[in-house]
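Below are two complexes that have chain A in common, paired first with chain B and then with chain C.
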Partner chain A sequence: MSDTPKPEEILSRSHTPPKTGWMDTPINIRPGMYCYASNPKSVDYVGLPYPRQWNPMEDDWNLPENWKEIIFEGMRDRLDRFRSFKVFMDICVRCGACADKCHFFIGTGDPKNMPVLRAELIRSVYRNDFTRFGKIFGKMAGARPMTLDVLKEWWYYLFQCTECRRCSVFCPYGIDTAEITIIGRELLNLLGLNIDWIATPVANCYRTGNHLGIQPHAYKDMIDFFCEDIEEITGVLPKPSLNRKGAEILFITPSGDVFADPGTYTAMGYLILFDFLEKKYGLDITWSTYASEGGNFGFFTSHETMKRLNAKMYAEAKRLGVKWILGGECGHMWRVINQYMDTMNGPADHLEVPVSPITGTRFENAASTRMVHITEFLSDLIYHDKLDLDPSRNDHLKVTFHDSCNPARGMGLLDEPRYVIQSVCKNFYEMPSNTIREQTFCCGSGAGLNAGEDMELRLSGGLPRANAVRHVHEKHGVNMLACICAIDRAVLPPLMEYWVPEVDVTGICEMVGNALNLPGQKKRTTDLRSEDLPGMEEEEDADE
Partner chain B sequence: MNRHYMFSLIAVLLLFLIAYVGVAAVGLEVLFGIIIPYAAIVVFTVGFIYRIVGWARSPVPFRIPTTCGQQKSLPIFKQAKIDNPSTKGNVVIRMILEIVLFRSLFRNTKVKVKEGGKLFYGYELWLWLFALAFHYAFATVLVRHLRFFTEPVPQWLQLLENVDSFMQIGLPGVFLSGVVLLAAVTLLFLRRVLLPQIRYISLANDYFPLVLIFGIAFTGILMRYFIKVDVVGAKELAYGLVSFHPTIPEGIGAVFYVHVFFVSVLLAYFPFSKLMHLGGIFMSPTRNLPTNTREVRHVNPWSYPVKVHTYEEYEDEFREKMVEAELPVDKELPPEPEEPEADETSEEKE
Partner chain C sequence: MPQVEFMGKTFTIDEDGFIDSFENWCEEWVQWVKKEEGIDELSDEHKKVIEVLQDYYKKNGIAPMVRVLSKVTGFKLKHIYELFPSGPGKGACKMAGLPKPTGCV
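Moving on, here comes the complex of A and B:
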C-alpha cells in the first residue's frame, strides 16, 4: 500500500483521452491495479481448465498452445447460448452515454475503463472473427485480430469492472457491460486466467461451504463466540441452532459476516433478532454450516461455477426439510438469488411459498424462488409492530445508506433497507440523488476485486461513492455509512479511512440489534461493538 | 485530423461522384434508378430478417432485466412499475417509453470535478435532444416520402405535410423535418468530432452513416428548394419501382440519382451495421423482460447438470469435527476407538 497515490492525485486525474487511439495504446499492467493470478491448487480443486502458475507481470502467461482456438470456440458457443451477448456485441452505437457512468473511469481516467471501450475490447475481436464487415474492412470497421496483447488487455480490464451495471441504466439499449464482463471472464477462465481472490474463495466454498474456508466446528465456535458477546452486552444468551432438521426456515448469509469486523456485528444483529423472535413468537429457524455462504464468487468465474456453488442452498434446504429460506445482507448473493437461482437450481418444489410465521404475510414476490431478503422480512415485522425497538440507542449515529449495486440494479431492493434504518435510527440522510438507488455508485471492490494488492484500483473506483459520503458528512455530520452487503462491510472501511476517515461502516442488522430490546435484558450501556453508548455510561459508573 | 471521419467523408464524397458521373456523364440511369435500388431493397430486407433471426436463435437463458426502481415486494412499498416492471403489460410500457422517448438516455448525466474535489453529476440532455430530434425528423421525412409511392396520395399524408410545413416561408413550403434532420445530423457529427471522449470511441462506422444521412438530406433539400428537379418524373420513377413497372423518365436531373443512390447505400449498409439497433433494442434482455424473477420461474433451455459438492461428501470430510462440536450429522461416526487423525493440513486461514 506504500505506493498508493494521495487522494489529491486521484482527484486530479484527467478524463481526456490520450492522442493515440485505443487500439494503438499498448497495455500497461500496473501494480496496485490488478489482482494476483489464481493459485493453481484452487483452480484444480474445482476442476477448472489449465491450472498452472502464471504471473500477469511476466511476458509469458504459459498459455495452452491452442489458446486462440479455445477463445474463438468459446465465443462462438456463448454467442449461440446468450442472446444478451450476441445483441450487445452488435447494437452499440458508441453514443458515449455510458462513458462517464463507470466509477472506474471517473476514478482512474483510463479511457479503457469507459464501459463502451471495455466492451469494445471484446467487440473488436468479435467483429474480426464473426462479422463479414469486420473481416473485409478490418481496423477501419473497428475490428482487430486476437493477439496476446489483446488477451492481456481483456484480462486487465475485465478485472477492473465490478459488474455493477451502472452503465446499463443509462444505455439507450440497456447494454449491460457487466454481462459482457461476466461472459468475458468466463472466456478467460477457459484459459485458466482468473485472479486468486476469486479462485481460492471458489475452491473454499466448494469444499467447506463458504468462501473463507471455515470448517463446520470453527463456524460453530464463531457463532458461540458472538452469543457470548451478546450475553455480555445484553445479559441474554441466544441459543441459535445449526444444521437442525425440521426447522421451518433456513437462514443463509455471507460468511464474511461471521469472520471480520464490522460484519461480525451484523451477524450479532441477526442472532439478537432471531433470539427475540424465537422467545416472543416461537420463530423456528436454523443456520447451516454446509450452506454457510450466501455470496457466490462462482458468479465472477462462470455461469457454470455460479450454479455449482449456488446448488447447496436448495440442497441444504431440502435436506433439512425447511419450508423456505431467509437470506442475510449481501449484494451479489442477492443478484444470484433473484435472477439466477431458481432458473439454475430450481424448481424448489420441496419448499413452500414463504409466509412470515409471525405476521402471516405471504411473500408473493418470492413465490417461486422461495427465498426472502432479511430487510423484506424485517420491514414486514416492523410494519406490523412486532419488534420492541428502542431507536434511542442509535441516537449517536447519523446515518446514510449505500445501495449495493446488485440489490439496486439486479433486484430493486431500495425502500426496504431505508424503512428498516429509519425505524431503528432517527438520524438518516440521503446522499445526492444521482449517487443512490438505481444510480448508486459501486464501492469499487465488488465482483471479486476486494483483494489487498489492487488497493489503488479500489480506492480510485470507490472515489464517487466516497465523495458522496463526504458530501453528507460535511453537510449533515453523517458519521455512519450503512450498507446491506458483506463485501461493502469489508471494503468500505478502508475506503472511508482513505477518503472520509470520520465515517464508520455498519450493516443494517447491527443497528437493529442495537435498537431491539430483548426480553429479560439488562441495562444496555454499550452497543454491539462494546463501545459505550453516549448518555448511558454515567449511569454505568454510578452502578459500580 | 482523424482518419475515421476523414474516411467517412471521403467515402461519401466518392459515392456522390460515382452516382453523379455515372448518370450525368455515362448515362447509367437504369443502373442507379432501377437496378441498384432494387438490389438495395433486397439486401436490406434479407439482411434485416437474417440478423433478427440470428439474434432470436440465441436463447435467453436467464432473466436479467436491469432494475431501475423499487421492486414489487410488500404493499407498503410503492413499486416503480415502469422502471421495475413485474408484469408483461408494464414491460410493454417500459419498452414503448424507451423507443418513443429514449427514456434511458434521458437519465444522462455528466460528471464534473468541482473545486474542493467535489464530484458533481449534472443532467446532460444534449445527446438525448439531438438523438430525439434526429430520429423524429428522420421518421417524418421517411413517411413523407410515401407520397412518391402512393397514387392517389392519402389524406393523412397531406395532413402530415401541412403540419410539417406550417412555418410557410414563400413557396414551396419548407418542411421542418428536413431542416431538423440536417441540423441534428450535423450536431451529432460535431459532437463526435469535438468531444474528446466521444471522438476517442468513435469508429469510421460511426461517422459514415451520419455523413451519408447528411448527404441524403442535403441532396433532398437541394432538389426541393434550389435546383428544382422534375418532381413529376421523380414520382413516376418511384411509383414505377413499387408497382414493378420500373421506368426511367427523361431529364429528372443527376442530383436525384445521387439522392437515390445514397438511400440505396444506406439501405444496403443497414443490416451489417450498428443501425441494427433499430431491431436490437426490442431484443435487449435487460429491458424487455419482466422483473418477477423470484415470483415466476424462468427456464433455461440449455441448462445442464453440473458437478456439485454434496452434503454427504462434506459430512464425510468433516464428520469427526462436527460430532466433536456437537453439530448434528446424518451418519454417526463408526464406533471404533478414536485414532489420531492425520488430516491437519487444511485449517481455515485466520
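Moving on, here comes the complex of A and C:
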C-alpha cells in the first residue's frame, strides 16, 4: 500500500496539461492509483480467458502472444454488435464539454482523466485500424497504432473511471462515455486483465449468489443477529422469512448491507419496515439466500458476465413463485435492471406488474422489469399515510442527500429518496444544484474501484462530492450524509473522514427504521447504532 | 505471488500480505504477522480474537462482520484497534489466516 497524500497535496494539483502532446506523454502507473490484478483462481472460476499471475508494476504482463489479434478481433466484433460503441467511436468532435465534468479529472488534474481523452485512448486505435481516414493520415487524423504501452494506458485509465456518466449529461452529442469504458474493460478482460476487486466478487457471486461469498447458513445468521439487535433496541423481535416459496414479494439487496457498517443499519431498517408492514397490513415478503446480492460486478467485467449474474434474481423469483421483486438501496443494480435486464434476461413474464398490496398502487414504471425500488415503495406508503412515523428520533441529524449515480442517472430516481428523508427527518439541506440530482458527483469509488490499495485515487476522485458536503456542513451544520447505494455506504465514510470528518454516512432505510414505531415497542432510548438518542436517554424513563 | 521465509517456514502472500490459504496457517504465521504489524506482545485478548475469527471462518467460510466479532469477543471496535493497529480486517483477519472480504464493503 502506498502512503496516502495529505489533503493539501491533492488540492494543490495543477490542471495544466504537460508540454508534450498526449500521445507522446508516457504512462506512469503509480501505486495508490490502481487496483491489484485479478486473482487467477477467480478468473478461472467463471471461465474467463487467460487466468494467470501478473503485476501492473512489472514490465511483462504475461500476455498471450497474439494479444493484439485478440484485441482487434474483439473490437471488430463489438463494433458490429454494439451500435452505440460504433457511433461513440465516430461522432465525438472533441469540443471538451465533458472535460471538467469528471470527478477524476478535477481530483487528479491528469488530462487522460478527461472523459474525451479517456475515450480517445481507444478511439485513436479505432481510427488507425478501422477507418480509412486514419489508415491514410495516421497521427494527423488522431490515429495511433496499438502497442503494449497503449494497452497499459487503456488498463490504467479505464480502471480510473467509475462509469458514473456525469460527463454524458453534458455531451452535446449524447456520448455515453461509460459505455466506452464498459467495452474497453470488456476488451481487456479478453486478455485476463481485470482487477481483483471485481474478479473475486464476480467469482463469489457466481458460486454463492453474493459478492462476499456468504453461504446460506451464514446469511441466516447475519439476519438473525440484526433481529436480536432490533429486539434489544425496540423490544420487538422481527421474524423475517428466507427462501419462502409462495411469498408475494421477493426482496433483494446488496450483500454489503448484511455485512459492512454502516450498511448493516440500513439492513436493520428494512427488517423493521417489513415487520411493521407484516403485522399491520399482512405484507407477504421473503428474503433469499441465493438472490442475496443486488449488485452486479459482472457489469464491470463484460456484458456476458453481467447477464450471468443478473439471471439469478429472476431465476430465484421464478423458483419461489413470487409476483414481483422489491429492491433495496443498491446503486448499479438499478442501472442493470433499468437499462439492460429487459433485453438480457427479460422479459420477466413469469412475474406480474408490481402492485403495492397495501395501497393498491400499480407501479407502471416497473411494468417491464417488475422490480420496484424501496424508496418508491416507501414514498407510496408515506403518501397514503400508512406508516406510524416519529421523526423526532432523527431530530439530532442534519441531513443532506448524495444522489447515488446509478439510481439518479440510470433510472431517474430523484424525488422519492428526498420525499422519504423529509418524512422521517425535519432537518434536510440540499447540496449546490450542480452537484446533485442528474448532475450528482460520484463517490469516486464506484464500478469496482472501492478497494483499499487505490485510496489516493478514491480520495482524489471523491473530492468534488466531499467539497459539496463540506459546503452544507459549514453553512447549515449538516452532520449526516444519506445515500442509497452499498458502495456509497462503504466508501463515503473514509471519504468523509478524510475531507469532512464531522459528517457521518447513512442509508435512508436506517433513518426510516429509527423513525418507525413498531406495534408493542418499548420506549426507544437509542438509535439503531445503539447510540443514545439525545433527550430520550434512559434516565428520563421515570414517568413511564 | 511473493513469498516470505520466517522461522523456518515459507509463506506465499498476496499484495496486502495476506496468506494464500487458510490451510497454510500456523503458529509461525502468527509470529510473522505480529512482527509485521508491530505488536509488542500477544495477549490472551489477541488470542481470543484470533480464535473467534477462525471458529467463525471454519463454520461459514467467510470472516464475521465486525459487529459480530465485537459482540462475541465482548471487545468494542476501539479496543480491537488497540489490539490490532491495522484493524479487524487488515490486522486481525490477516493474523488469523483469513482472506480479505471483497465487494461493496
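Assume the second predicted complex is superposed on the first by the 535 of 544 C-alpha atoms of A that agree within 3 Å, B and C clash if a C-alpha of one lies under 4 Å from a C-alpha of the other, contacts with A are read in each partner's own complex, and residues count from 1 in each chain.
Throughout what follows, contacts are C-beta pairs under 8 Å (C-beta built on N, C-alpha and C of every residue); 3 or more make two chains touch, one makes a residue touch a chain.
Owing to the predicted nature of the structure, the values given are computational and were not obtained by experimental measurement.
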{"item": "Chain B versus chain C as contact partner of A:Pro201, first or second or both or neither", "value": "second"}
{"item": "First (chain B), second (chain C), both or neither touched by A:Gly213", "value": "both"}
{"item": "Partner touching more residues of chain A, whether chain B or chain C", "value": "B"}
{"item": "First, second, both or neither for A:Asn450, with chain B first and chain C second", "value": "second"}
{"item": "Touched partner set for A:Pro464, first chain B, second chain C, both or neither", "value": "first"}
{"item": "Touched partner set for A:Met222, first chain B, second chain C, both or neither", "value": "second"}
{"item": "First, second, both or neither for A:Thr264, with chain B first and chain C second", "value": "second"}
{"item": "Partner chain in contact with A:Pro5 - chain B first, chain C second, else both or neither", "value": "neither"}
{"item": "First, second, both or neither for A:Pro493, with chain B first and chain C second", "value": "neither"}
{"item": "Set of chain A residues, in rising order, touched by both chain B and chain C", "value": "212-215, 217-218, 221"}
{"item": "Footprint of chain C on chain A - complex, ascending", "value": "1, 36, 39, 53, 196-197, 200-201, 204, 210-215, 217-218, 221-222, 225, 229, 254-256, 258-261, 263-264, 293, 295, 297, 450, 452-453, 486-487, 489-490"}
{"item": "Chain A-touching residues of chain B, taken from the complex the two chains share", "value": "4, 7, 51, 54-64, 66-74, 76-78, 80, 83-84, 86, 98, 102, 104-105, 107-111, 113, 117-119, 121, 127, 131, 195-198, 200-206, 272-274, 276-277, 280-281, 283-287, 291-300, 302-303, 306-311, 314-315, 317-318, 321-322, 324-328, 330, 346-349"}
{"item": "Of chain A, residues touching chain B in the complex", "value": "7-8, 11-12, 15-17, 21-22, 47, 79-88, 90-97, 99-101, 106, 111, 114, 116-117, 120, 131-133, 137, 140-142, 165, 168-176, 179, 206-209, 212-218, 220-221, 242-245, 289-290, 303-304, 307-308, 311-312, 315-316, 319, 337-340, 342-344, 346-347, 361, 363-369, 371, 376, 379-380, 383, 408-416, 419, 432, 434-435, 437-439, 463-464, 467-468, 470-471"}
{"item": "Touch list for chain C against partner chain A, complex", "value": "1, 14-16, 59-62, 65-68, 71, 90, 101-105"}
